[in-house]
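One chain, chain A, appears in both complexes that follow, with chain B as partner in the first and chain C in the second.
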Partner chain A sequence: MHGRVKVKTSAEQAETKRKEREKKLKLYQVASAAAASKRANGEFDKEALEITQNILEQNPDIASLWNFRREILLFWEKDRQEEVQEVLSLELPFLESCLRVNPKSYGAWHHRAWVLVHAKHTDWAKELRLCGAFLQKDERNFHCWDHRRFVVQHAGIPDTDELEYTSQLISTNFSNYSAWHYRSCLLPRIYPDPEQKGRVAEDQLLKEYELAQNAFFTDPSDQSAWFYHRWLLGRAEIEDAITCVYVSKPLQTVLVSFSKPVNLRNEEDEAVLFVDSRPFPSKWQVPDKRSTFSHVWVCKLPPGLLEGETLQHCLHVSWKDGRLKKECLLYPGSKESWCQDSATDQKLFSLELSIEKSSVLRAEMDSCRQLLDLEPENKWCLLTCILLSRVLDPLGHASKTLTWFKKLLAVDPLRTGYYKDLRSKYQVEDGLLCMEYAETRVLHLARKELTSLFHLDLMVLVTHLDVSGNCLHVLPLAMSCLQCLQVLHADDNEIEDIEGVRNLPVLQDVCLKNNRLAHLSQLQPLTSCCRLVSVELGGNLVENLPDFYTHLHELLTHTRPV
Partner chain B sequence: MTEYLRMSGVYWGITAMDLTGSLTRMDRESILEFMRHCQHDCGGIGASQGHDPHLLYTLSAVQILTLFDNLNTIDLEKVVEYIRSLQQKDGSFAGDKWGEVDTRFSFCAVATLALLGRLDAIRMEEAVTFVLSCMNFDGGFGCRPGSESHAGQVYCCVGFLTIVGRLHLVNADLLGWWLCERQLPSGGLNGRPEKLPDVCYSWWVLASLRMLGRLCWIDSKRLRTFILACQDEETGGFADRPGDVVDLFHTLFGLAGLSLLGETQLKPVNPVLCLPEETIQRLGLHLQLLN
Partner chain C sequence: MAMQSLEVAFEESENLENKGIEEGTGEGAVEVAGEATGEGAAETTGEGAGETTGEGAGEAAEEVSEDLEKPSEDQQKPLLNREYVVSNSRKFNIDLAPKVLFARGDLVELLCHSKVSRYLDFKSVSRVLTHLNGHLMQVPCTRADVFASRDLSVVHKRLLMKFLTFCLDHEDHPEEFADFAERPFCEFMTERGLTPSLQLLVSQAVAMVSEVKTRTGLVAARRFLRSLGRFGRTPFLWSLYGAGELSQAFCRMCAVFGGIYCLRHPLRGFVLDRRTGNCTAVIDYKGHRIACDWLVVEESYIPQGYCMGIRARDISRAVLITDKSLFPSDSNEASVLCMPGKGPDGTTINVLELSPSTMTCAPNTYLVHVTCPSSGSPWDDLAPIISPLFHFENEPESEPSRPHVIMATYFSMSGSMGDVDAYQDLPLNLLLCRRPDSKLDFGAAVEKAKVLFQRMYPEEDFCPPAPEPEDIIYGESDTINPSEEVLHQHWGLLKVCRTICRNCYWPEKYSVHYEGNGKLPHTFHTMTTFFGHTRL
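Moving on, here comes the complex of A and B:
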C-alpha cells in the first residue's frame, strides 16, 4: 500500500499484467485452500509446513499462516522434539529471507522472536549481529530496533554496550533519530540522577549537551539533535504536592489546588479537610462541574462553621495518608485567607541550576548565538536560543526572546500556530512572575499577542485579570480555576466562546467589548455567575440583534449589564 | 489476496462511503452476512472466514456494526470476554493468543469496549500504566516500552488516554511540537522525523493534534492541498503520495483528514474512533478532548 507508483500502461501491457496477476492469484488460491484443508483436517505434517512457507515467502503478512506453523511445531513438541528443533533452526534463514524482501512485516518479526525463544540452543550473539546488519541497511527500521531490544534483553547485553553502539551510529550519522531515542532510554538507567527520577546525573548530562552541540554544529538543519537537546533541557516529572489552600468566609468554601490534575473521588487519592483539628466530612467538587481530574477542588462548608468574629480558625488539608499536607489560618475578623507555594520557589518556569550546569548552559547560549550569526534563518537555533534563555533568566531575556519569536514566525510559517502559542505561554509565565514579585492578585496580560491562555491552574488567587488587546478566540473551560476572579477585562480580542466564565462565583465585572460574539446563546455561560454587576458587550455583532438589551436582561435577570 | 485483512478493508470502505453520505449505496445485507461467519468460539473476530481472530479485526467489525446500528449481529458478551482474556499481567494487550504485545492493541481493546459501553470489563489502572510506560523523551509513544515514537502509535496512545479519560497525563505541549514538526514543505505530514509525507499520517497526526486541542499548530491550507493532490483523477481514490497507486486505506484516511480540516462536503468525523461524529453521538459516547 505504500510507495507504489501508478504507471500509465498501454492496453496491451495492461492485459499482460492482468494475466500475470491472475496466474499468481490462481497459485495463491490453490495453495491457501490446501493449507486451510490441512489445518481443518488436523494434518500437521511436513507438507503443511512447505505449503505455508511457499505462500509466506510471497506475503509474510498473512498472520493465520504463521499461527498454523506454530501450531504444527507445538503439536510435534510432544513426541518429535528433535524434528521441532531442526525445523526451528531452518525457520531462521527462511525468516531472514522473508524479512530481506519485507523488512517491515509485523508477522515475520513476531514469528522470529517466537522461534528464538522456543529453540533450545539460540545463538543470541549471532542474532544481535543480524540486527546490526539489518540496521545498517535501514538505520530507522523500528521493527528491527524493537527486535534488537528483545535480543539484548535475552542475551543479557549490558546497557553500556548498547550506549556505545548508539555513540558509534551517531558519530557516523548525526541524523539517526532512532539512535538518539535509544540513548534517551539508556542514559537514565546507566547514570540515574539520584534526586530526579527518570533524569540523567549531572556530569553525564553535561557530556550529552556537548554531544548534541557537536551534532547541530555539524549539520544545523538536522532535527534529531535539536529534539534531543530539548529533552536534555527538560525537567524532572512534577511531584505530587498541594500547592495552595484557600478559604473564603463569605462564600463558605475551601479551595485546594494540586501540582497536577488529581481525582479526589478516587479512594486512594482522597483528601481530608480538618477544620480546627476536627476532620470535616468534605464533598470535593471540581470548579467546571465536568472533569474527572482537576488541578483545583472546592468544598462547601456548612453555615456557621467559621462563625465567631473573635475566633481564629485553622484549615488543614491532608492528602496521600498524611504524607502531603498544607494548612492556612483564618485570623479573627478576616474574610479570607490562603497559603500558597510561590512559582519562583518551586522553579516552575526554570531549571534547577548548579554552578556547573549554569556555566555550561551559558556557554551553550553563547555558541548558539554565534551559530545564529552564521545562520540567521535557522529555526532550530532560534528556538533553542529561546529555550535556553527561558531556562537561564526568563525576565532578563524577555525582549530578546520576542525578537527571536518574530524571526521564527518569519522563517517557519508552517508552524505559526505553535510559535504563537508558545510565545503566549511564556508571556503568561512572565506575567505570573511579575505578579508574584509585586505581591498582588492582579494579573496584567493585556496586549501581549496572546493566542491561548496557559497555566490557569496557577491563577486560583487572582482577583483581577486583564487579557484585553490579544488574539484570543476562546475563554477556555479551564478558566473555572479562577475561583477568586472578580474583574475580567477581555476587550479587543476575537472571542467567540466564553465557556470559561461559567461557574466563577465572585465574578462582578466583565468587559468583552469588540469581540466576535454574535448570538445570544454564546452569552449563556454568564448566567451562572451569580454576583455579576456589569457586562460590557459593545462592538460585538450580538449588539445589533433586534431588542438585544431586552433579551440580555431576560437572560441575566440578576445583573445590570451596561 | 487481501482476505487476510478484509474486515479492516470493509471498515475503511464503508466509513469512507458514510463520510461522503453514500452509505446506502453499500450492500448492507451481504456485509452483515459476511460478518456472521467471522466470529470464532473464543469471541474474537477474524479478517474473513478461515482467518484467525485478532483484536485488529475485532475492532473493525465492531466499528462496522456500529455504523450499521446492528451490533447484535455478533455475540457481544463473547467479544468482551475475548478482549478481557488478552490483557496481560502488566496491563498491556496481546493482539491475539500468540502474544504479540503492542500499544495498538491497547487502543483496539478500549476502543471496542467503549463502542460496546463495557470499559469496566478490563483492569483499567494497569492498562493506563502500561501505555504510559511507552511514553518517550519527545513526548510521543511507541509500540512497547523503549520503542521509538511513531505518529500511528501516538494516535493509538492519545486515543487510548482520551477514551479512558486520562488525557491530562500527556505532555501536550511537547508532543504537540513533535507532531506539528511532521509537516513538510509540501504541506504533507510524515510519521517520524526524516521520513516522507504520507496521506495516512494526515489522519494519525491530525487526529492526535485535534484530541490535544492543538489542530491550529499545523498549516491546514497546505495540508489540504497535499491531500487533494493525492486523489487520483481517474478513480477518485487516494494514494499515500501524489502519483502512487490508490487504495481503500489511504482513501478513508485522506477523507477523514479533510473532514477534520473542516471540509463541508463531508460529514464531521470523530477524531478518536474514526467514525462519523453523528454515529458517536447516537451512541451517547462522551469523549473529552483538550481545549
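Moving on, here comes the complex of A and C:
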C-alpha cells in the first residue's frame, strides 16, 4: 500500500462529526443556561449581549434571546445613550449573518426592524439593497417582502421606484407571484382610476394587460400571470346601496335588501323606516331568524298602519345617516309594491369583472381565443375566455360558455366541483337576466346542471322558482331571502336538506319528487311554512317509511301532501 | 532572456494580488493562471513564433512597476491600439481550442463528481447572439428572455416556446416526428407552424446547426435546452483564464496524488516489441529510454505509415482583438454567436467573444475566436463572416457601431482523423486521443476518455471523488517522495501529452506522467491528456 492516499473511513468521519456535535451541544447548553440566569437575575450587561450573540449566531430562532437583547438595550437607553447607539450600529451586520443562517427567521427580521427604528442614523438605502440581495436569493421570501415594505415606508421610497423593481423581478422570472402581487398593490396607488375605487387608470391598465399577455403566451401553464390577469379584469369594490324595498299589505311587512350583507342591529348601520314621512320605530329582523349579517332585512308593521283602501302610502328607508335611501309607493287598492334596482342597469353580473371600455376587453378576448387555438387544452385560457365572455355579453356567449365549461371539466378534473359551481352561478345569473327582460317574477332554472344556488339575495321578489332536474343537494338557508316565494319546484335533484324553505311566509306549493329525503326529521322545516297547501314527495325514500302519511299529517296538520 | 523577464513579471503580479490592487480574481485562480501562461509563453518565446503574445513579454515587467507607482492613472480608457495590446500581452490568454461547457454536460458532472472543480472558476456565458435578417440580436433562450423579448409577437412567443418544449421532451413523443426524422429539420419546423425567422432562430441559435435532419436537429436543440436554467441565463459556462485551464485542473489533481509531469521532454521514437507488436518504451529527446505498459498519445504522433490515407478535415481559425463588444449591453461577459457556414454540408461557424472579465484579455479589449471546419483557406472560410461584423483599420469609417479590430490573425489547424479506424496495425497498448475539433463545446471528450481509461484499468473507477483535505490522514503514511533515482526505477506507467496545432509551428511539448502505486493519479491524467495543453 505504498503511496496510496490514506483517507478516513466513513465510520471515522461519523465519529469526528459526532464529537464535534457533542462539543457544540455542550457549549450551546452552557451558554443558554448562562443567558437565562442573567435574564432572571436582571444582569443587563455587556456580557449578556455577548452570550446571546454567540447563541443567536448559531440559531437565530430563539425569540426569548432577542427579547433579552432588546431589554438590555432599552435598560441602557436612559443613561448610556452613546453605548446603545454603538451596539445598534453593530447589530446590523450581526443580524445579517444571522439571516444568512436562516433567511426565514421571524425573530431576526423582527429584531432588525426594531434596530432600524431605534438607531439614530439608519442607512435606509443600504437596507433596501439588503432586501434586494435577499430577494435575489429567494424571491418568495415573504419575511423579506414584509421587511422591504417596512423599509420602503420608513425611507419614503416612491411607489414608482418599487413598481420599477417589480418590473425588473418579473422580467427575470415571471413566475414570481410575490412581485405580481406587489404590483397589484402599487398600481392603484400610482395610477388610480378616477372613477373606481381601488382600480387602475385605463392607460396603465392596457400596459399591464400586455405584460400579462406576454407572460401567458410564453408559458400558458404558469398560473401567476393568469392570476394577475384576473385581478386586472377584476371588479371595483361593491359600494353600499339599498337595492330593493318591498312592502306587502296582507303580510304587514316591509322588506329591504342591500348590495352586501349588513347588520342593521349595529348602531352605526341603523336603517330608519319612514311610513308616510313619519319615522317608524322599526324592529329589523333577518328572514332566517339566525344570521347576524344578511342581504335582506324584514320589518313587521303593526296592523292598521297601512289601512285605508283609498290611501296611497309611501315607504321610505333611510340608511347611513340618510346618505343612502330608497322609497316605494303603495298605491291605493294594491296589495304589494316594490322598488328594485335593475340587474342589467347596474351591471350586477358584469361587476364580477370591472366595467372597462368594452373595446379593451374585446381585444383581450381576441388574444385569449387566439391562444386557445394554439393551446386548446389550457385550463387557464379556457377559464379566462369564460370570464371575459361573462363581462362582454353573458347571454350572447351562453352556448359558447357551456362548451368551454365542458372542456374545462374534461381537462382539469381535479377542480370539477369548482367549475360546476361556477357554471351554476352563471346559469343563475342568466336566469335572472331573462326573468328581468320578461318582466315577470317567475324564475326558470330547471335542467341546468346546477350544483348550488347563487344570488339568492337578488330573488327577493320571485314568486315561482323552478329548479327541478338539477344536481342540488341542499336548499340552502340563504333561500329565506325569497320572502315572496309561493311555488317551488325542485323535483329530480339530490336534495337531502330543505332548511331553505324554513320561514317562507307565503309558500304554498312545494314539489320535491325524486330526491333523497329519507327521514321525517328532514321535512321538519316545512312546518314553519304556515300557508303551505301542497307538498309532493313521491320518489323519496321517506315515502317508504311505515305509516309515513299518518306521520306526515301529524307533522303538517294544515297541508294536503300528494 | 525572455524567460527571465517573464518570471519577474509573475512575481510582480503576485505581489499585486497580495496587495489586492487587481480586483476580481481569486487567489487560487491567479496562481494557476500564472503557471499556465508561464508555460505557454515560455514555449512561444523559445521558438520565436506566436506573433500575438510573444513580443510584449519583456515590457510586461516595466508596465507592472509603473502600475505600482501610479495606480490611479489607468482609470482613464487607454488608447486601444497594437502597442496597448503588446504592452499588456500578459493579460491575454488565447486558447488554441477555445471551448465552452454545457451546464448539464458530462464534463460539468465529472468536474463536480471528481471535485476537480475546486481548481477552476467559471463564468456563465452571458448571452447567445444570432444574426437574423441582417441584424444581430440576443437569442431569447430562457423563459424569462422570451417573456421580455421585444423582437417577438405574443403569438410567436407561444409558437417558439411550444416548439422548444417539444424539443426538450421529443424523446417521449417519437410518434410526433417519426415522419420527419430523416427529412430536413426546417420541414418539420414548418409543419409545426414556425415562421421562417423563428426557424432560423431555432436552428442557428438553439440547435446551432445549419441544414440537418430533423432527428439531429431535435437532439442538438435538446442538448442546448437541457443545460438552461442551471447556471446563469445561457446553457454555457466559460472557464476563467481560458479553456486550457481544464487540463491544468486535471493535471493538478493528478499531481496532488502523486502523478509526475516532465515538461519539455519531446519524444523521439517508440520502441516496439517485434514479437508482440506492443510498445514497450519511448525514447525522449535526450535519448532516455522510458519503459511503459500503456502509451496514450494524441493522433499526430502516429507515423504516416499507420494511417489509411484519409485526409483529416482541417479547422479554420481566426483570433481577433477588438475594442468593444459586437452587441454592447449591460451584461456582455462572454457571448456565443453561431452562424451558418458557407459550405453545403451543414457546418456552422462559431464565434466566441470574451470580455476582460473572463480573464482572457486586457481591460477594455475583447477577444474574439472564430472557428469552423475548413472548406478553403482560413481567410476564405472566415472573412465573409468576420468582415461585415467588424471594422478593420484600413476601412472607411462607414458604420461607427462596429467594433474596431486591433489585431487579427487567421490560421488553420489539423483536424482529427475522427475514428481510430483510420489507423491500421497500431500497437495494442497504444491508445489514441483525438485532436480538438471545431465544435463549440467539448463534445464527447469525457465519454471517450472514459472508454480509454476502462481499456487500461477495467477494474478502476473513473475519476472518483478526490478526498476532502480534512479526511486525509497525514504522518502515518510511508508515501514515497520520488527522487530522480526512484523515478527511473518506477517508470511504471508513462503517458504522453502533446499540444495540438502543428500548423502553428508549435514546439513539441510533452508531459510525462509518473505513476506511483496509488491509482488516483492516472485517472485524472487520462482527462488531462484529452484536453491537451492548448494555449498560445
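Rule of thumb we're sticking to: the second predicted complex is superposed on the first by the 530 of 562 C-alpha atoms of A that agree within 3 Å, B and C clash if a C-alpha of one lies under 4 Å from a C-alpha of the other, contacts with A are read in each partner's own complex, and residues count from 1 in each chain.
Assume a contact is a pair of C-beta atoms (placed from the backbone, for glycine too) under 8 Å apart; a residue touches a chain by one contact, two chains touch by 3 or more.
Because the structure is predicted, anything quoted here is derived from the model rather than measured.
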Touched partner set for A:Q213, first chain B, second chain C, both or neither: second
In the superposition, chain B vs chain C on chain A residues touched: B
Partner chain in contact with A:E375 - chain B first, chain C second, else both or neither: second
Chain B versus chain C as contact partner of A:F174, first or second or both or neither: second
Touching partner for A:S367 - first (chain B), second (chain C), both, neither: second
Which of chain B and chain C A:F94 touches, first, second, both or neither: neither
Which superposed partner A:H110 touches (first chain B, second chain C, both, neither): first
Doubly contacted chain A residues - partners chain C and chain B: 1-6
List of chain A residues in touch with chain B within their complex: 1-6, 24-25, 28, 36, 59, 61-64, 66-67, 70, 106, 110, 114, 140, 142, 145-146, 149, 175, 177-178, 181-182, 184-185, 223-224, 227-228, 230-231, 234, 260-261, 290-293, 413-418, 421-422, 425, 474, 476-478
Chain A residues within the chain C interface of the complex: 1-8, 13, 171-174, 213-215, 217-220, 367, 370-371, 374-375
Contact set on chain B toward chain A in their complex: 1, 4-5, 46, 50-52, 54, 96, 98, 100, 136-138, 142-144, 146-150, 165-166, 168, 173-174, 176-178, 180-181, 183, 185, 192-196, 198, 214, 216-219, 222, 232, 239-241, 243-247, 249-250, 288, 291
Touching residues (chain side chain C, partner chain A) in the complex: 143-144, 146-148, 154-155, 157-159, 161-162, 257-258, 467, 471-473, 476-480, 516-520
